[in-house]
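First subunit A sits with subunit B, and in the next complex the same chain sits with subunit C.
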Partner chain A sequence: MGATSENPHQTGFLTAWVPVVLAAAIFAFFAGMIGDVSAGLAPEWSWAWLPGLDVALAFRVDGLALTFCLLISGIGTLIMLYASSYLNGHPEYGRFALYLFSFMLAMLGVVLADDIIALFVFWELTTITSYLLIGFNNAEAKARRNALQALFLTGAGALALLAGLILLASIAGSTRISEIVQVEGLTEHRWFTGTLILILLGAFTKSAQIPFHFWLPNAMAAPTPVSAFLHSATMVKAGVYLLARFHPAFADTSLWIWSLTLAGAATAVWASILALRQTDLKQALAYTTLMALGTLTLFLGQSDAYAMTGFITFLIVHSLYKAALFMVVGAIDHETGTREVAQLGGLGRLMPVTALAAALAALSMAGLPPLLGFIGKELLYAGALDAISAPVLVTAAALAANALMVAVAGIVALRPFWRGGVEALPKTPHEAPWQMLAGPVILAALGLIFGLAPSLLQDTLVAPTVAGLLGTPDMAKTLTLWHGVNLPLLLSGATLALGAAIYALHGSVRAFLITTLSRLPAFDNGWDVLINGLKRFAAALTAIIQTGDLRDYMRWTFLTLLVALVATGLLRNAFLWHFDLSDMSFAVAAILIITALAAVTATRATSRLMVVIAIGVVGVGVALIFITFGAPDVAITQLLVETLSVILVATVMLKLPRLYEGGTNPFRAGHALIAVALGGTMTLIMMGVVQGPLDLRLTEFFEQSAWVDAYGRNIVNVILVDFRALDTFGEIAVVAIAGIAAYALLRATSYHKKGEEK
Partner chain B sequence: METGLALLIGVLVAAAVYLMLARNVMSFLFGLLLISNAANLAIFTSGRLTEGAPPLVPEGADAPVGIVANALPQALVLTAIVIGFGLFAFSLMLVFRAYAGLGTLNGDEMRVAEPKEDKA
Partner chain C sequence: MNSLILKTASRYLAAILLVFSIHMLLRGHNEPGGGFIGGLIGATGFVLFAIAGSVAEARKALRIEPQNLAMIGLGASAVAGLSALFANKAPFSGLWLFLFAEEGSKGLPLSSILLFDIGVYLVVMGAILTLVFAIEEEV
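This part shows the complex of A and B:
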């Protein structure tokens, strides 16, 4: 503390305290709603947002939402307090606090939103704020990479989620979640399977279920307060929240039951094994978070009252102990300068308060009585034994994961404090400042208080949430420490014994895991391969399309145009062959043939003069066509413009080199092929166009109004200077601007040349 | 009649595209002139062709007498011709300026923005 107080970047009083006070006020606001919600009410607010699309900024507070709100704002308050000390003196603390607070608001939005579009917007806001927080140490390449990885994975999942939500809304005919979950026959709709898969993709990526799990441990590149808040207690639970939100509507389909059971079980067990392997305290905790997310998903796959009660209880337990343990690990890191298990030990005497909080949180994590963790575990076992999918599988997965959890709890929260005989630490530790102690102590104490008096949670949060999950009130099982001697209690005993055994042997277990797992392909490396492959693919594609050669660009442009025109013409059946030259007079035929010949000559001539003459002939030919078919004004303009163009070209060409080097104009067969194909397509299109219907309403309007309304007898002139006068004015402006720009270019050219001569 | 115009438009487009794919940027500009003409003819032809009857209201009448040419595409083509000329004049000056600066009209060598990567 002494060192930091002299820091020139000392975090200001307001910067440190405003987020804490605001978060506490939000917590108090939601705490005030417990009464209403436990009485079965669900307060709602709604503002019209996009009324045309029936999208509203609608919020609804039911048991599930309130539980999440209290966890988010409560833990948020403690985290803000913790961060103000943990990052005290950081030059960019203000930015950090802004991100963290924005994240909290976005997360509250996710759990409160009752409209799917609002839900999605808040969901993406959590993705973006999480990205900014993971990459907060943006000077480190690793932080940037891991932040991007989280952004890509959860962002891609969110796109799937958006598609799923929109499909769901169109099936149900409503964008309100509270209405959607009550729609009958939702699961029989033919789009249902696809919809559910898309929604599950969104939830599984957000909550890091296998095979999308690897971003979460990497997200630990963030400062510890972020890990404690986002990646343990809140953001990663957004996916679980989403699953819980739609549980009432989907839970009876086999797709739901099996995908959640399998993904949850696999994640829980695999993550527990990986947790045991870690030597870094924070990484070990990160994997236990995966385990918890897997367990929560696993139990959301069931529909039994025990499973649901266990789900919400375990959710609360986990948030309390995991946030506390992360903050403890942060405090250890802050005070000792290391998080390596092998280096830490004997901190119990130096940091007694931290040690006590850690012990309480760890006991809750291990599921020992009389803590809330014990109650949660008992309920989970009861739920597992009644599982509708495969009770043996669910129970075995829960047992394995819980036993490994016991061992990890010991490694993370007991060993660093009570192990003796350690060498010197990077820093001499003492107790962390009170702001960093408040969080772990309060959260760990809550685990004990709720364990001793579970009735505090029973009617306030658990009962309304379970009622919401199951769709019927009064189903929640009673939270109690003593159920009598039954199968769940025996399983708890087995868990403890197994866990203690693993803890005792964990040194050799870890060595075994490290050698075994290093032989397996890692998902994280796969990610790098994928990203690098994508980069190489982009580079290769760029090398083909974007060569830097102007002619390649023209070629790609014309080829794309050709494909687009031909494909559209074929798909819409728009190419209508029409060949009728019977009405052609000799004069017209002569004009057409001369013009066409001149155009071909322009492509084949070798002399510049010849090309200019040929182009001029084409221009005059077109003017003759205009005059033949009743357009004298157009013909005059065409002649004038054509003359001007030729004069301009001739003038400029005096200063330019020859068109073709060496005086030859070799035939380019490939280009000719593209050219003829496009020309032929144009002819076919025109043949179709002139056979289609012609809407003459506008022409008739102009014919009738030209004299009567505008007092002009030349209809074309009237259209230009009267009906479309503004358009003509715009046209004049364009020509004027082109003239000014051309003049500026010429001036710059002569100036540049003078400069060169010097 | 329309068939003949459709064929001519095809020839003009083909010639224009061929010229626009040439190495010399001056040829590109000639192609631009041709493709503008082709586009104008296409608009004109879409309104159907009526020989020798300009859209005029005779003295003493309130509306054209008999069948006259479609006035609407004519008005559009007039605008298009002028705009096309503006585009052409500006492009021509751009090419001139580019030649003064780079000393070449060869599109392959105009690579200030995207220089060739060293293949060493």
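This part shows the complex of A and C:
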């Protein structure tokens, strides 16, 4: 660690390598499961978590989960390696690595979880860790704002998801996902529509489907390794994963088919158009990610074997090339100091390895043979032609999006390297360090290797995943470069031709898009309007309710309580209007009358002493009632508290000004109304309660067990200190905190006064 | 307040109240009483002392800052509650030790429950005295 002492910001050897090695170990662990999973097994682990609610920390590795795990941990390893060089010397690299690694673990949790509660917890962990990552450059206001936007949007979606998952679990009668998806008649339940809408909200916000798409490009405020990780294989694909996970259960409902088809198609096409508009390489890539998410969603709306095989193949293809391209763009940014398309060119000779990786990744993105991207695209076209929703729409959307991808691939990955006539760059570029090359090169090469030998993927990942998605084994279509001359091949040809045309014209197309789109209202501005409106609403509401005047607080509190009680009582028709008071003893009646008179006196009194005494009488009256009904402990406590409060108020009172100017007590009609209404309502409720039969099971239990189990005869105290000791502990904690808080408050005002006197 | 009678009497009254508060605390498991009531009575003793004499005298008599008393009590209750973990029981379960127990007699029953109730006593007394002393000093 000698270097560390010379430069305090030099990233230490351990800080740089521990995450890489750990991630690689995780990858190796999951790679070891390929054999089992491809044989049709699904290893499971489970620990009891909340046994009372039948919630378990359950994990299950099937084809879908394993595919995601390998992508997450494999790309994660390369990203950690890349980041150690990209952010080398960053003073907070350790923190960054921790966030990134935590995110990776959370993401693995999402795809492995077989229990809906566990799934939700990991889902939220990805939200929180990605918030930290997007806002990593926290000195920039833009990064903070965009991180918050992502947090709010995906967090709100997650709440909807939680509601949906809980509904789903109660419909299915199980919290295990692997059991839920096999329950018969799930889709006929009357709650089904609401449940599905809530779950789709969660998935669509996470995977940035229109109209929730705008947070994703904004999330590019994060350092490039984050973008490469979160927006290629992981976070944004969590939504897609969720859809895929529930595909077997829901895919035959028209709500599922149409919402996924329409949202997916709209997102794919709109995002490709926006991608073409961008001049920043990273932003352009962000929009192509949106396009990919739209496409994946679109195909999850179908149930055809081609569509499913295409889905999982495209998922793998996209993760490989998108992570590679993000890392390439990061390397360009790192070496040249800019990501603006207009400034970049001729890097091919200066950065040959990067250029090669970029070219391979771009060809896969454009879907050219012999890369895996071509196979994925052919399968998607075959699936689109068989779509159950609207084959023409699906095919057209896929064609438009793919053609635009061809153009964007050219702009992002070919032009910066091969365009002639380079202008002066902010930095003189040279090849990036090997840690930053390893990722793009390996991932791009994998796109080529899998393209040439698709059988490597066929039985290992694709077949088990498709079997899981469709619920029947051996349905997966064969991944192959040559299907013969058929419609998908012709569509591929058309895609290339169209894409090449758009690429040739992209300068004028972009200019046209910029002028047109800038006239349309932007979702992002709408977000600001929404948030600012929310802030103003909160400020206005606070100004009404929290005036700083104790009487206003009491008024709002009591009014709220009153409305809640009366509304509930009336809606449920729970109020009783006839009471049997015949068994009330004379003593109780006398106590009640005295207490009531004292209460009235308190409201009409003109001196503070009178008020205190009257309230004291009320307290003693209540204590007397407790004694009459055999609750000495409560009565003693009540009496002591009354005594202490009378002493306290009397002490304070000596120093206070007169209660009312001029010595008369004005009648406050509003206060009287609230007081009488609330008191009357409470009386009605209590009278109703005592009219019903009293459930004595608890009393009997305590009477029997207090002596046997807790060696005490005073049931009240035994309950306080033994049966419900945890509650008591909470209460005394509150008492202690209240005492200290009041002390601090009083001391603060006295310091304030002393300061004023000086 | 300048009442010589109250001032003189309060020394004895406060002492009686304190002894009585401990009596209430200890008998609470079988008869009306317990930590809450005991703490309130104990606090009353010191409040009386403070009113008859001065808060400074009452603080001196207490010998410890009342907020510290509350925190010690909270700690004692926490220790009592968590001690059950060492006996492999759920937290806040009672642990009992019957010293000198014979046939037909429980002997001297000691328990984590007693420690818990003493904690309650201290918290109630400490919190109330914190509040009362501060108010008395303030106004």
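As a convention for this text, the second predicted complex is superposed on the first by the 543 of 758 C-alpha atoms of A that agree within 3 Å, B and C clash if a C-alpha of one lies under 4 Å from a C-alpha of the other, contacts with A are read in each partner's own complex, and residues count from 1 in each chain.
Everything below uses one rule, namely that contacts are C-beta pairs under 8 Å (C-beta built on N, C-alpha and C of every residue); 3 or more make two chains touch, one makes a residue touch a chain.
These numbers come from a predicted model, not from an experiment.
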First (subunit B), second (subunit C), both or neither touched by A:Ala710 = second
Touching partner for A:Pro632 - first (subunit B), second (subunit C), both, neither = both
Message = In the overlaid three-chain picture, which partner chain does A:Asp549 touch, first (subunit B) or second (subunit C), both, or neither?
response = first
Ask   = Looking at the overlay, what does A:Arg747 touch: subunit B (first), subunit C (second), both, or neither?
value = second
Request  = Determine, under the contact definition given at the top, whether A:Ile615 touches first (subunit B), second (subunit C), both, or neither.
outcome  = first
Remark   = Between subunit B and subunit C, the one with more contact residues on subunit A is chain B
Inquiry  = I'd like to know which partner A:Leu654 touches here: subunit B for first, subunit C for second, both or neither.
reply    = second
Key: Contacts of A:Ala738 with subunit B and subunit C, given as first, second, both or neither   = both
Inquiry  = So in the superposed three-chain picture, is A:Thr728 touching just subunit B, just subunit C, both, or none of them (first/second/both/neither)?
reply    = both
Message = One more residue to check, A:Val641. First (subunit B), second (subunit C), both or neither?
response = both
Task = List the residues of subunit A that touch subunit B in one complex and subunit C in the other.
result = 632-633, 637, 641, 644, 648, 652, 655, 712-714, 716, 720, 728, 735, 738-739, 742, 746, 749
Residue ranges of subunit A in contact with subunit B within the complex = 546, 548-551, 554-555, 558, 578-581, 583-585, 588-589, 592, 595-596, 599-600, 602-603, 608, 611, 615, 618-619, 622, 625-626, 628-634, 637-638, 641, 644-645, 648-649, 652-653, 655-657, 659-660, 668, 671-672, 674-676, 678-680, 682-683, 686-687, 689-690, 694, 696, 698-699, 702-704, 706-708, 712-716, 719-720, 724, 727-728, 731, 734-735, 737-739, 741-742, 745-746, 748-749, 752-753
Task = Quick one: which bits of subunit C touch subunit A in the complex? Just the residue numbers, please.
result = 28-37, 40-41, 43-44, 47, 51, 66-67, 70-71, 73-74, 77-78, 81, 91-92, 94, 96, 106, 109, 111, 113, 116-117, 119-120, 123-124, 126-128, 130-132, 134-136, 138-139
Query = Taking the complex as given, what residues does subunit B use to touch subunit A?
reply = 1-30, 33-34, 37-38, 40-42, 44-59, 61-64, 68-72, 74-75, 77-79, 81-90, 92-97, 99-101, 105, 107-108, 110-111, 113-116
Request  = Going by the contact rule at the top, pick out the subunit A residues touching subunit C in the complex.
outcome  = 632-633, 636-637, 640-641, 643-644, 647-648, 651-652, 654-655, 710-714, 716-718, 720-722, 725-726, 728-729, 732-733, 735-736, 738-740, 742-743, 746-747, 749-750
